[in-house]
Amino acid sequence: MSPSLKSEARWILVLRSSAVCSALLLLLILAFLCKESWPVLREKGLSAFIYPGAWSPREGEYSLLAMLMGTLSVTAGALLIATPLGLLTALCCNYYMPPRLASYLKRMLEILSGIPSVVYGFWGLTEIVPLVNRIHPPGASLLTGSIVLAIMVLPTLALMADASIVSVPTQAVKGAAALGLDTWGVFRSAVWPAARPGLMGAVLLATGRALGETMAVIMICGNIVQVPTSIFDPVRTLTANIALEMAYAMNFHRSALFVSGLLLAFCIAIIVSLASLVRPRHA
Amino acid sequence: MLRRTSSLQESLLRSSSWAAAAFVFGIFILIIGSMLWHGAGLLSWEFLTSEPLQSGRRGGIAPILVSTILILLVCMVTAVPLGLGTALLLSEYSSSKPSFGNFVRWCLDLLAGIPSIVFGLFGNAFFCKVLGLGFSILSGGLTLACMVLPILIRALEEGLRAIPQDYRRAAASLGLPRHATLWSILLPAAVPALMVGLILGLGRAIAETAALIFTSGYVDRMPESLMDSGRSLSVHIYDLSMNVSGGDKSAYASSLVLVALLFIINISASMLADRHLKSRLDLL
Amino acid sequence: MRTRLLTPFTLLLFLILPHLSLAVESSPLSGKLVITGSSTVAPLVLEVGKRFEKAHPGVRVDVQTGGSSRGVADVRQNLADIGMVSRALNPDEQELKAFPIALDGISIILHKNNPLVSLSEEQIVGIYRGQIKNWKDVGGKDGPITVVNKAEGRSTLELFEKYFKIKNSEIKSQVIIGDNEQGIKTIAGNPGSIGYVSIGTAEFAAGNGVPIKLLPLQGISATVEEVKAGKYPLSRPLNLVTKDNSKALARSFLDFAQSAGVEDLVKEQYFVTFSKK
């Protein structure tokens, strides 16, 4: 082997081991979740958790179905609000705003993305909840949760979307513009195809963040274990379930809370797999 | 400049994207405004340089500020090399083995969705107990590193992919080995992406509460080493707003400090990136 | 080969050494005391710990939170010297010793604009069971009642259940909350709501302009004074627990935390001072 090939091989080894480490991390966390939830899973079986029923772990009832619905509906609501807003903001930054203004806006987004979720939750509880309460009590509801979560994931979404629009090669954009297309046309014909994987990635990341959000959701969603029938119904998410009850949970109850985590990971796995099917392969 | 034709879609797109940007701006004003309204009165040099008293209702946040910065440092020192390596592999070397790359990507996407409280419990079990680091700044930083890794890698990979293929071809035609191409051409070109990733990652890390309560802990004493337990700003804010009656004002003031800290980090990161770009342009 | 092996070993030693020093006990008091558990008790014990450190310069008191159950579990597994538990010990926890350091009462609270000044216990039970859904049925203004309940397992909920002889599964609530402050903010933001929180916290909030009011129970007004006098019917002890209190350091900390020297700290946290009988 020539020295350069050898160092190339070594280099690849370093890169590959860092990638393996990153992947291993997930497996470690999953293994941890499985280990902690094993006692109650062995005793009650998986079916006790996913069939409809009540959640009152101290009386031996462990159904997580309602909370799963809660998690999914809050996340869906948040994405429904945040995705168009985020993409449009990114678009505005790139094509309509004067560059100076755009850079200010981006700085603002960066700051917003770093505000602790506690602060968003706090703000939601004292400002948004009373507002929604006036329309329809109790105020802490699916709608409130979706709004505040949307505001939370919006900065990350907009910044990632912006990064992937910026990264579209300028030749393509200029070429399309030279054909006499307007911004809409340029976006559709040149930017969208090139930026799509990145945009999908941004939405996916926002989904993950929304699904996994804990501290804000506890304060604004009402935390009632029920399948929501209207957007004004309070709901409890799987993460809120863990955070609310972990502090006082013992034995099977504690173990059952880890099953909530495992179930959440499972949902995310499904969503991620679906997304990677839909997402076009990187060229 | 793009030529403008006044099609319906065009004006719709234009007005709605301006509306979206205005909305974001409004939210920013609302949130920062309410933080300023409630917290600005408490901010002073003393607040930054003194120890907390009465569980944080009085006094300052000096030890908490130091702990926060140490935790962020540990987090970045661990996450950046690991993230960089993974992103390089994914974007530059995974074409020969796409299944491995896709598997890693799948893992990372999944990792990004794991709730922070699970990271906290995991960090507590793994770093604090199995590795014996105890409640410490080190445990907290490492747990955060696990959390920000997917964000960092995602941003870096996008950045690396955006580099035109011509760069790689030109380097190859000059007979440069691939790792040299990476080191001297692709990495420098990906610096802006690294900055985006870094800023997003830091934002996530600085905002994190649930993962830190169980790992870096609750102690609000000035840390003496990385093995000491230290309370982060976000944990402090959480405790003040949810657990300590009469702590709201201090909570808002601490949030303002956190935002200012983030602002300083962002500004210096982008200044570094600008200088870096300029020095490269000078070379050309 | 040998030297290569040595490095990780020395590293390991460095990791382990600080932990070993914990086990070594010497008088006068020195070493590290690890205290974990209830987030309600933690701010108080943190301050007590600081005062203890001042009196004994060789001692470090590390306070960590994570809930009452964590306090019990950590003490059982020897991960902590002392646990913080915001309730009386359960029957299956009797191998631990409890040392109450303060009392805390629980009060029913309403929004300030609610004209009601008292509710009977039957009315409260009716509201929490979901049988009474409108304020006008208990003599108030017309409007739906928003019932605010605590999350399962919280010691305030357990106390509430026991006192009103009602099971959590029977309670029909519209909002479930975690910590006291969240309860107060939720009620302050919703004029038609009813909830229950720690008296000290509520008294402080009401005194500082938060629009809530505390309802009396059995005709006894919900104040820190009444809890202290032992008259208010709904109260709980805040405990420190240990497996064995034979270690000099832990014992002297427990004595200190129960002494009159920390009463001002207890008051600062709006809890009720507990005098040893």
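When the chains are written out, they are named A, B and C in that same order, and each has its own residue count from 1.
In the analysis below, a residue touches a chain if its C-beta (ideal position, glycine included) is under 8 Å from a C-beta of that chain, and two chains touch if they have at least 3 such contacts.
Remember, it's a predicted structure, so these values are computed and weren't measured experimentally.
Relative to chain A, the most remote chain by averaged C-alpha coordinates is C. Two chain pairs, A-B and A-C, are compared here, and A-B has more C-beta pairs in contact (counted per touch definition above).
Rounded to whole angstrom, the centroid-to-centroid distance between chain A and chain C, based on C-alpha atoms, equals 33 Å.
Put simply, the C-alpha centre of chain A and that of chain B have 16 angstrom between them. Residue positions of chain C with contacts to 2 or more other chains are 39, 66, 178, 182. The set of chain B residues that touch two or more partner chains comprises 241-242.
Touching two or more other chains at once are residues 243, 246 of chain A. Per the touch definition, chain B reaches chain A in the complex via residues 2-5, 7, 9-10, 13-14, 16-21, 23-25, 27-28, 30-32, 34-35, 81-86, 88-90, 93, 98, 100, 102-119, 121-122, 125-126, 146, 149-151, 153-155, 158-159, 161-162, 164, 177-179, 182, 193, 196, 199-200, 202-204, 206-210, 233-234, 237-238, 241-242, 251, 255, 258-259, 262-263, 266-267.
Residues 38-39, 66-70, 72-73, 144, 146, 151-155, 167-169, 173-178, 182, 185-186, 189-190, 192-193 of chain C are the ones that touch chain A when the two sit in their complex.
Residues of chain C touching chain B in their complex: 15-16, 18-19, 39-40, 42-44, 46-47, 50, 62-66, 79, 178-182, 184, 200-201, 204-205, 208, 268-270. In the complex of the two chains, the chain A residues touching chain B come out as 4-5, 7-8, 11-12, 14-23, 25-29, 32-33, 36, 84-86, 88-89, 91-93, 95-97, 105, 107-120, 122-123, 127, 151, 154-156, 158-160, 163-164, 166-169, 177, 180-184, 186-187, 198, 201, 204-205, 207-209, 211-215, 238-239, 242-243, 246, 258, 261, 264-265, 268-269, 271-273, 275-276, 281-282. For chain A in complex with chain C, the residues that touch the partner chain are 54, 56-59, 125-126, 129-130, 133, 137-140, 218-219, 222-224, 234, 236, 243-250, 253-254.
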